[in-house]
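What follows is a set of notes on a single structure, which appears directly below.
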Amino acid sequence: MVFILYPKVTQDKIDKFVRGWEEKGFSTILSTGTEHTAVCLIGNTAQVDLDHVVQTTDIVAFGKRITEQYKAVNRTVQEQGTSIRVGDVTIGEGFFTVISGPCSVESEEQVLEIANGVKMNGAKVFRGGAFKPRTSPYAFQGKQKEGLEMLSFAKKETGLPVVSEIMNQTQLDLFDDIDIIQIGARNMQNFDLLKAVGALKKPVLLKRGLANTIEELLMSAEYIFSAGNSQIILCERGIRTFETMTRNTLDLSAVVLLKQKSHLPVIADPSHAAGIRSLVSPLSKAIMAVGSDGIMIETHNNPAKALCDGAQSLDLEQFGKLMDELKERASLEKKVI
Amino acid sequence: MVFILYPKVTQDKIDKFVRGWEEKGFSTILSTGTEHTAVCLIGNTAQVDLDHVVQTTDIVAFGKRITEQYKAVNRTVQEQGTSIRVGDVTIGEGFFTVISGPCSVESEEQVLEIANGVKMNGAKVFRGGAFKPRTSPYAFQGKQKEGLEMLSFAKKETGLPVVSEIMNQTQLDLFDDIDIIQIGARNMQNFDLLKAVGALKKPVLLKRGLANTIEELLMSAEYIFSAGNSQIILCERGIRTFETMTRNTLDLSAVVLLKQKSHLPVIADPSHAAGIRSLVSPLSKAIMAVGSDGIMIETHNNPAKALCDGAQSLDLEQFGKLMDELKERASLEKKVI
Amino acid sequence: MVFILYPKVTQDKIDKFVRGWEEKGFSTILSTGTEHTAVCLIGNTAQVDLDHVVQTTDIVAFGKRITEQYKAVNRTVQEQGTSIRVGDVTIGEGFFTVISGPCSVESEEQVLEIANGVKMNGAKVFRGGAFKPRTSPYAFQGKQKEGLEMLSFAKKETGLPVVSEIMNQTQLDLFDDIDIIQIGARNMQNFDLLKAVGALKKPVLLKRGLANTIEELLMSAEYIFSAGNSQIILCERGIRTFETMTRNTLDLSAVVLLKQKSHLPVIADPSHAAGIRSLVSPLSKAIMAVGSDGIMIETHNNPAKALCDGAQSLDLEQFGKLMDELKERASLEKKVI
Amino acid sequence: MVFILYPKVTQDKIDKFVRGWEEKGFSTILSTGTEHTAVCLIGNTAQVDLDHVVQTTDIVAFGKRITEQYKAVNRTVQEQGTSIRVGDVTIGEGFFTVISGPCSVESEEQVLEIANGVKMNGAKVFRGGAFKPRTSPYAFQGKQKEGLEMLSFAKKETGLPVVSEIMNQTQLDLFDDIDIIQIGARNMQNFDLLKAVGALKKPVLLKRGLANTIEELLMSAEYIFSAGNSQIILCERGIRTFETMTRNTLDLSAVVLLKQKSHLPVIADPSHAAGIRSLVSPLSKAIMAVGSDGIMIETHNNPAKALCDGAQSLDLEQFGKLMDELKERASLEKKVI
């Protein structure tokens, strides 16, 4: 950890600052420039709250953590990628796992038709929204508890593991039969929810928030991991920028960096990122090409009638065509699809 | 509501689209351009899910709500500004209510000293964080339940009403003695929490999310209002942009627009927006000049020792000086401070 | 073009507004809602300045162009993609053209070694910066005129056409021997420069600005096209967002949308977008997968000694390896590389 | 300057890196952490190209300039604020200079009426656009040379100094009679133009770019200053963010920080920032409250007929009313208006 002090700080104050650290067991090295002084801290700084120090110490102009603060999810502590098993399915390096299903579950007939359709085309996990976060209180809020039961039904009928989004920790009991619990973008920094799913023994799919950095996503994963649950799948799903032609801006560099920085599996969601059906297939191929461990795609048996997000959903024929393209490319990327 | 259709849509499809709306009781007007057709919908469109229609209807290229979707919080339904009473304090038009206190409550001595200090200088509400949302699981998470008790103590001793941030709806019981419940920026779209505080009979201070639009803030207020609670204070606190010299970018245009669009009181928080102490006073004066109904400022008896966010806190002397400046300006802005 | 009027506008004002348009030869259709009135304009609105109308007409709350304002570069006026020939090289649909070379040209030896290196590996165009836009006046500004001569030398020796960035229109004469003139991101809205290159008869590579929308990029292309030059290559190179781990955020959705909206060839630049060498190869493969017509990559014979942007440059070995990967994938994307 | 090296760098490479700096005359201090090593550079690093070093040196993970790179415009080299004289007008500390006039000059009658109107109400400088940067090639591009002559006419008639935007350096001769040359937001990093106006002996009004940081604005000012022209006025005019309800997001923290970091005068432009007339007056008062040295406001004798940007222009009556409010507040801010 390096601190840079303001110019013209008195020697007294510097001494006091340095002594404070040494009393806590750190070594320090001072470097005095023409205008500024730098203090380098040596020792285990993982528990040091950098922001706190910078903000509470009047003489410190700038601080920089040399070692990343995410420890448990850091690739440096585990060189090999984490593999997550859900039933017969593996999510992790060497695989390209396709998760698909409707934005919102609507009926048993619907989920069954879509689940069968995506399974037949090679999807390994079925997704469906039961609790839907919606900007407007007047918009459809999802089938909720009943929706989760439809997912259970689809799971029983097709054998596909299922993933669905949780909205808050009081719903945990309802998710007993759900195989992967999704934390949506708006909840990426709902820290109490992160702690709650950290206490579970089942995989968590953690989506990047609309305005969250790659580092913040890793710190949120660290919340779950440090609470005891190492089965975390990171998901890039587009960030909010000034561009208005797409709903969000898919950040594929993030997929590469997340894979470099962390041992956790990383997937991406082109449907929510783009919000436009015609972008889903090209972006999906790009997601595979960039080294992602999988993808989450919205499909629907009848997009024009979907209760939400129809515009970004593929129909089953389009999904089949995309899967053919992904299968053609998988071996080049050394991925089992 | 206006829909613009893609070029070369068949007349059949247009007829079917129009008929669908008429069957739901809307009138429609068609306008056929050289390339595109526009369909204008007439009737009460408040319950129409615009995104849904655009996304699920293949022939629709673009849709625009003419009338805003936030109804209950809209200035058009109530020309006069809402005033919120908390004990003897009024928050609303004609007043400039100063809310102040530490980022994080630390001890009874601390809260008492700060509460007395800010009260003496003219603050009308005491703020203090008990549950702290922190990016890192290793950072100080607040004094939690014990912190709320310290706030109760400060309230009893000083008579100041208190505001504190809630993290999730399971904590509601703990907030019984808290006068104003704060929804933090990261929870602005925690819709279940919004519904839960919507069921209360006490004021809610709703902060704008880091990446949320003015319209989304109003829609979140609409969640609370439509759930039965009309005592909502909106709070601008800076948005996330590419600029790194400040923690966030304070958006003062938002304060003006929120006042124009909604009848709810609007305040701003310069401490979190800037993250730098030397910006707090100038920004505070700007917040008053722009027509805000109040301000929320972090103060501390000893910023250099604060357990969090010390760098952006004023000490009591700086706070006093700022209050003097605000008092000098209040009458010019026709505000009681 | 649709205009939505403010609520409670008098009939008189509406009539006057409508009459104004009719006098200019447009037909109008009025649609009166419960609160607002919409006016649809029918006729050739290409020359109507929408912003101007909205901003200068007090009764207009909102206006929306139904037909896109970019006409000449619009895919609707030319279904087939534009192909650009530079010597023996084609840039356009069916091809994946690799442009490569150093960020900055440094010496004849350097350009020759790199040009030979990239040519041997399959690059079709050589790039090299002679005039360098740098944030600091104290940073290296490029070899300038001498640098252009080095490029001519490389061109003569290798037969590769060359591309280099122009900084302002007074430099045009110096670029006589340069085959493709690059307009950098910072100059995307240097409208006088756009007009100047619009008067040329040689290809222009137009990079997207850091904070410019897809639509603005197309409007800048329209400047060049409408000035008489149809040989325009669009280039996505990352936009500025809140994320700091990469230099910019590569927006691959933009590549897809540009291809859909316009008939012009579209390429992408992963080197500047990411600013990190280890991202260049995965992003390059993604750029091909998403349907781009080519790529521009920085290479260097000795990145550690490059006078600028060394960190994002591949060395020739890395470039060769990437080219092998791209060649393996080209036929799947139906591209000649 | 501090460099942080990657973990596991060999001692050999570190030694070589350190020796390189020492050969250039710098002292270095090494600080070895548990995982990383930090190298602190001591000496005059103003001419060191930090990005270059980080990017070209494989062992360097991160570099941080301790001393700011903008030297000439830095407040540390000149504690007292720079005052700029234009005729009888002073722009600088102690003053709040109001610059006003139409977005675009249209006719002698128009400029005369507006110039007289704003002068009568207390504006000290007259502004008017002759060359207009427009997104669309089909939009009105300004009265150009003829427009500059209208400004000269207004100047002669009213005695007000005039400011107008230049688009490129070939136009410099045309600006002989213009007192302050404006560099628009899109040209903030048109470095050749910056150098060209740096060679002049007249004031330059430098606007912040839509996607440029505060530091980049200061570096652009440094271009002008280091080329020989110290008469620079910085202007905040809103940045591009995800918010769409305003045209741009006015960043008032930037005004405060620019005043702290630099000795140059700083003004702000609420008209372009907001793009909405009803925001101009509240934002103007905020701009004064925050410590700005002045303001640039668009006014028009007949906004509804303005050839561009009418929606954000005040009419002369509104301008007069705003000036009254600013005059009431000026003494509180210790400003002569």
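For reference, chains read A, B, C and D in written order, and residue numbers begin at 1 within each chain.
To be clear about the criterion, contacts are C-beta pairs under 8 Å (C-beta built on N, C-alpha and C of every residue); 3 or more make two chains touch, one makes a residue touch a chain.
If you're wondering where the values come from, they're calculated on a predicted model, not measured in any experiment.
Most remote chain with respect to chain A, judged by CA-atom centres, is D. Centre-to-centre separation of chain A and chain C, using mean CA positions: 31 Å.
Centroids built from CA atoms put chain D at 27 Å from chain C. The mean-CA centres of chain A and chain D are about 39 angstrom from one another, to the nearest whole unit.
Looking at chain A, residues 211, 240-242, 244 sit in touch with two or more other chains. If you sketch which chains touch which, every chain touches every other chain without exception. Those residues of chain B that touch chain D in the shared complex are 211, 213-215, 239, 241-246, 249-254, 256-257, 260, 273-274, 278-279, 282-283, 285-291, 328-329, 332.
Only residues 2, 4, 7, 29-36, 38, 40-44, 62, 64, 66-67, 76, 240-242, 244 of chain D touch chain A when the two sit together in their complex.
Within the complex formed with chain A, the chain B residues making contact are 46-47, 49, 51-52, 54-58, 69, 133-141, 167-170, 186-187, 189-193, 195, 209-211, 216, 219, 222-223, 226-227, 240, 275, 303-312.
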